[in-house]
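In order of appearance the chains are A, B, C, D and E, and numbering begins at 1 in each one.
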Amino acid sequence: MEIPYYPGCTLNTVARDFDLSTRRSLKRLGIELKELSQWNCCGAVFPLTPDNVMGLSAPARVLNRAEKEGDKVTTLCSFCYNVLKRTDYRLKRDREGLEIINDFNEGDYRGKVRVLHILEVLKELVGFKEVKEKVSRPLKGVKVAPYYGCMLLRPAEEVGIDDHESPTIFEDFLASLGCDVVTYPKRIDCCGAHMAMGREDMVSEMSGRILLSAHEGGAEMVVTSCPLCLYNLERSEAPLMKREPGFKAMPVLYFSQLLGLALGEDGDGLFSGKNLYDPRPLLRDKGLL
Amino acid sequence: MEEKGWEPRIVAFVCNWCTYAGADLAGTSRLEYRPEVRIIKLPCTGRIDPLFIIKAFEKGADGVLVSGCHPGDCHYTSGNYHARRRWIVFRELLKFAGIDLRRVHFSWVSASEALKWRDLINEVIETVRSAGPFEAYRRLNP
Amino acid sequence: MIIKRNDLKRLVEDLIGQGKRVIAPIMRMGLVEYGEIGSFDDITWDYINPRNSFKEFLFPQTEAIARYRIGKKDVELEGVIPELRETIVLGSRPCDAASTASLRSVFTWGAEEDPSRFRDDFYLMREGVTTVMTIACLKGDEDCFCTTVGLTPESPEGSDILLKETVRGNFAVTPVTERGKAFVEEWRDYITDEREDLKEIEYPEVLEGIDTGKIGARLSDVDVFDDPVWQEVARKCIGCGACTFSCPTCHCFDIVDEATGYEGERRKNWDACQFEYFTLHASGHNPRDTQFKRWRNRFLCKFHIYPTKFTSTGCVGCGRCIRVCPVALDIREVMEWLSR
Amino acid sequence: MDREKKLREKARELLESKEVDLVIGYGWTRYGKRVAPVFITRPEDVDRLIWNPMCVNNLTLYITRKYPDVKAMGRPAVVVKGCDAKTVNVLIQEGQLKREDVVLLGIPCEGVVYRQELYDGEVTKENVSPKCVVCDVKNPPLYDHLIGEKVEEGSGFEGARNIYQEIEELDKKPEGERWAFWMEHFERCIRCYACRQICPLCYCERCIAEKNMPQWIDTSAHGRGNVAWNLKRAMDLAGRCVFCGECERACPVNIPLNLINQKLSMVVEESFNHRPGYESEGHPPLIVYSLEDREDFIR
Amino acid sequence: MARIGVFVCQCGNNIASTVDTQKVAEEMKKIPGVVYTQDYKFMCSAVGQELLKKVVKEHRLDGIVVAACSPHMHEKTFRKACEAAGLNPYRCEIANIREQCSWVHHDKTKKTGTLKSTDLTRMTIERLKKNKPLKTINIPLKKKALVIGGGIAGIQAALDIAESGYEVILVEKEPSIGGHMAQLSETFPTMDCSQCILTPKMVELSMHEKVRLLTYSEVEKVEGYIGNFRVQIRKKAKSVIEDLCTGCGECIEKCPFKADSEFEVMKGHKRKVIYVPFPQAVPNIPVIDREHCPKFLKDKCGICAKVCGPKAIDYSQQDEIITEEVGAIVVATGYDLMPVESFGEYGYGRIKDVVSGLYFERLASASGPTGGEIRRPSDGKVPETVVFIQCVGSRDPKRGVPYCSKICCMYSAKHTMLYKHKVHHGQAYVFYMDIRSGGKRYDEFVRRAIEEEGAVYLRGRVSSVYERDGKVIVEGADTLSGTQVEIEADMVVLATAIVPRKGAKELAQRLGISYDTYGFYNESHPKLRPVETNTAGIFLAGTCQGPMDIPDSVAQGSAAASKVISLFSREDLVREPILAEVDERVCNACWDCYYACPYSAIEQHPLKGRDGSIVRWVARVNEGACQGCGVCVAACRSKAIDLKGYTDEQVYAAINALV
């Protein structure tokens, strides 16, 4: 099966690991991610001006392209997913806005695309059961804390890939890889997001709380599906260690890296060394590398 | 084709227990909706004969709305189910005869759905307006 | 006198150009019908006898005869004068043309002798503006029986002008009535005085064993009226009005009011003695309560009532009732029985 | 013909044994070469019975309440083709007939002509009745005596006018064109009611068209009255019409009534999974309902 | 010609502000057959009615149209007035120019309203011209009532009806009556013990000679109509012969098997497989839970039969179908609590010490699993900090239900008090959205909880609940101080939303009554007919109609009872003559109407000739059974059936008057 794929900017740069590991893993599951023949930045943040649709022209352009290449489009980055999904949601309900955007973009988007996060692809199109069957290297004994962040879940009626208060999709996924899944209270709290630009202290406190909560739950590593979350979490570990002497640094990685590993991908190819805290020693200890 | 100042004429055949009461509630709640609808009250949608709709068109209606209780809510337990069957067929018949289905509307409006009634009437009138005056039927007059 | 086909075309186009109504056989929905034409080319020439008779242009199937308004105290009545357009029926058949006399007999019943008697002006006004240009048949089909009822494929009765096809495809013109003569005079330029040989006309076989005179006589006999054979021959009759509505001499009508709340129209609509409700009394009694009685009535009307009351004939032998009957009830079978 | 002979034998047997008082079948008319319904009461007359592709009429018409004088003749046997036999099932469903009230002489049929005058010794794709093109009841689904051997089901009239295709094509047209199509036909309607009279399922004591308090359907043959009449009749036949095709055949102005009736049959089958005439149990679909009926069009 | 009078009501300004009533009246005067028109300020007033009567007599009117409010409001009023003036009441029709015109078209120029009113009134006049005078019909009445549900509302209704001397059948699904009230500890605002005030009523009911109590039973089928219902009740097999059982409890004592107790709410609390739900059960007759009893599962054990002195155990007992004829039905089926497992943020079902309010009732109840001591489920410790969360599911249109469950504010306050009374050093916190404590002595009660009992009320929502070190951590917002709060609690109590009883919709469909979008049963009028349904003869009591507390439920039970009693006080029933009627001359006997009729009100009737032989069959309408829906009319192809009061002619005339 081929699925149109929108990588987004970070996936081609800092989050290369995310992109590569996902493509490879999905191939093993029989899914070819077909990169859109043309794409542009999604806009990064969904604009909250309800009276003006022009802010949606960039994501609308992506959707328009996707519509020409299939009936769905998948993306990995939580932010991209959030922006595309909400844009689509709005345009499907705002015919007038859609016309304005189409006029401006010289496009003809009709709202016939379904935006899917890659976790949804894994759940709905592949099925976690199927994933489990394909796992050749069960990640036994690895205590993993999934971190959802905000963008996959909220606003619930527009994007939610799962119940926004008590989601399980991430846990279910990790369980299919054989991990010991750590459920911890702060898994859906905000990491601080783009506050990183000016209020590092705030981010550090918010992400710190998440890390601490995961740590208290016994986690050895945290996985996420968002490059910005990953950045914030990683950068908050050092200050947290200062504040909380009991806390030890732990790797933060993309869930797809674990997926690749479990499916038997060559371990080194999945970890380019970009992780601030290298997961490889830990994985080696567990006999997985 | 659209005459200036033309307003569509809509006849609504509604059941006494749900939709008529829903329309009453819209009044009690002082909701406002467009005035081009004339309601004919019947005990139940099950009483509504397709001929009523044909007659309404003959007498100059541009659109017809038929509305009753939601499934399961019929005051007479099953009148609306009978009606629903009839509508399925009659609607297809009208469609096959070439009548613009923007002129024929069916709905369930309960006694508590005043808002739905308001929105429905506005929408029906808008839809019928977009279909224009039902000249094609009026031309059948000798 | 001859009118060349081309000149006939010019004539027709001119008539249409003058705003006159020209009725001729046309092809519609796979059937040849008399209908108003928009140009000469609409005419179908390949036909024996059209599906309908042209009576509907003299006596429309439905027409408003009065309008009314219900006032506070009284009903306000308003007469309706039909819109009249000069009409030329081109290509009628001798049988149909002959039927106009039958229609006129009914609609002016007794009025000639006694002017106080009712005359149906709606019919007469229409007839008064209609010119019938008949084209003689070259042959009949298996249901034609004009020769059996005393007509021929070239009878002039009822026509204003009779046309006969020549071997060259033109038409020999014979004015029959004063109206016909005046018409020919008016359009004399299109008509030459040449002579051409006429195409041969093949007469339908006169059915042996049928004698209309005898039929009439026997029908006066009350015993014949009550003969069980009627029931036998008409048992299969389904009582549709197809025969009456197609028949050129059937003339019965019904009066109905069609109204909205406060105003309405009184309409005159064709009716048929074959319908169960035709003779239903307000009391609930129906003197013709079964189908064979209704069928018997139609037969009696054609061959007994008509000949006794009027000089015109009730049946012109066009054969339409045989053609349209869904159960193949053949009037000739009964004629034969009664000629015995 | 073999079947004809067997038919006559069976008829004679039934009449002689007094099992029936009357055999309703087909016979030649006196003139021309037309086939008409015949009513045989005496064994010596059975040779008037015939069977050929001109036997189009649905003779079950004569065992409905419309013909008290036929009923008065006693217990009938009726010659039925597959399509005609389906009518009997509907009549039984609607309480108009008890199965034991009639003897059915079922004739396996390989197609009849659309109109008798089109017949030229052979049923071809040009003159075949449209019902035969899509026939699945060459062998009657219901009979007391089968006349001759069963024939193979399936249509052999490749390339003939297919009613379902025509409906589909009409469906595809814009509604304005469909309207124009039907209005052209309906405006020609002469309100002779031949469609009603020949229909064995139009058995009402008093047709709605004859009801005048109030007059739902104008009796005048103008567009308004004609549309009302034709739509109402189609509606009343929905879920009951067995496609004997008689109404269209009887129509003197060629209104394609089969199209409208079969369209509704398709709707009924699609929506309620009901095909009239195949069984005598149950009820016509429009007087019952299912909780699962679709309502995607209802707001 | 007709002599019709038209009255156009101004309804004070309700109609007159958007409709020129005088103009409408003038326009109507132009209509043939209308001989009198007038507009008037309040037609429904005594003066207005007198005016109507006077005009009817003076002008010898034969029909009246009142253009006024909805016929649902005053049709009866005006028809009665007509009757008083000697006119057949069915020669009076209402044109609805208020609810469906003046109130929904706010055009102050009055153009819109006047035009539409004119049309509506004209249509009504034309319809009226075709109205035939009709006579009401009398139907016999079965003076016996059925009460469905044995909670406090049903008990009250049954007792009141029985006290007036009429027979009552009370059907209860569970083995004992009592309902939710039996589970409660103490009741607000008086804090009297629930069992103590309920049990006497239960006993009184069971002893009442006019009451037939059918516990462990369910209503399966309801046919018929007001005054004449036929009800089928399935009496589930108790496996215990009621007449023999003495209620000694020996069987329960000796039974070696256990299953989860429904009564004690939370999983883990057990009862025997032969059991009474609670010790004070009425009737005090145990039932065997066949789903868990090994005798039924694998034909083992049988101890109860061995120990039973009076030999009351009968394993072969079958469900019994009881058919009863009743004249009225009171529905009092009560409520369920919303399953809160779906509210993941509160951890219900995941964290042991997060419990529902009803479970807290059991904890606080002297007869509960802890004997009235507050102990948390996980380790039996006495909780020192308890957080109560209100509006769990209520007032939450996205995830729960949009309505207020009405009782939670009060019982949460009660819970804090109960808790404080039992754990003196404990601290209660309450997260709330608003405090809704309207009711006699209710707000005082809440104030007491806060001011005297020291409960801390935090206005805000809880964002998450999780466990940490044996504590339940509650994070939430305190919107009054604008801060985030985190409370280390020992136990969390959720005030979960009240929802309709499971199966409420199915029962409604069986009864032919309507329900709202949630499944609560609809009253006939929210203010004026609060205990009646739209189906005549069926009444509502208690929470099956919507959230309410005990006093309200009891009041409703009594109200429903009084409706039944007033119905039974008549000799027979007077019915509106809106009935189907067959024109036998044109009936085809196709039986379409017979099969389509929802009430089996069509009969197959033979018409006989002089010699007694059947000439033909026709349909005939049973006037007692016909409810006047008109389904048969539309089903009849030849229009041989018509519906009196809504005849074809009337509808036709109304359509005809459109132009």
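Please note the rule applied: a residue touches a chain if its C-beta (ideal position, glycine included) is under 8 Å from a C-beta of that chain, and two chains touch if they have at least 3 such contacts.
Since the structure is predicted, the reported quantities are computational estimates derived from the model, not experimental observations.
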Partner chains that chain B and chain E have in common: C, D
Contacts common to chain A and chain C (chain labels): E
Fewest hops from chain C to chain D - one hop per pair of touching chains: 1
Most centrally placed chain, judged by C-alpha centres: B
Contact-richer chain pair [B-D vs D-E]: B-D
Chain centre separation in whole Å, for chain E relative to chain C (CA means): 72
Cα-centroid distance, chain A relative to chain B, in whole angstrom: 49
Shared-contact residues (touching 2 or more other chains) in chain D: 208, 216, 220, 222, 286-288
Shared interface positions of chain C, touching two or more other chains: 62, 260, 267
Per-residue multi-chain contacts in chain B, two or more chains: 55, 59, 78, 82, 86, 142
Pairwise chain contacts, counting only pairs that touch as defined: A-E, B-C, B-D, B-E, C-D, C-E, D-E
Residue ranges of chain C touching chain B (in the complex, touch as defined): 62, 64, 260, 265, 267
Residues of chain D touching chain E in the complex: 65, 94-96, 203-208, 211, 213-214, 216, 236, 283-284, 286-288
Residues of chain D defined as touching chain B within the complex: 167, 170-171, 175-183, 208, 216-217, 220, 222-224, 226-228, 231-232, 234-235, 238-239, 260, 263-264, 267-268, 271-272, 285-291, 293-295, 297-299
Complex interface listing, chain B residues touching chain C: 59, 142
Chain C residues within the chain E interface of the complex: 70-72, 259-262, 284
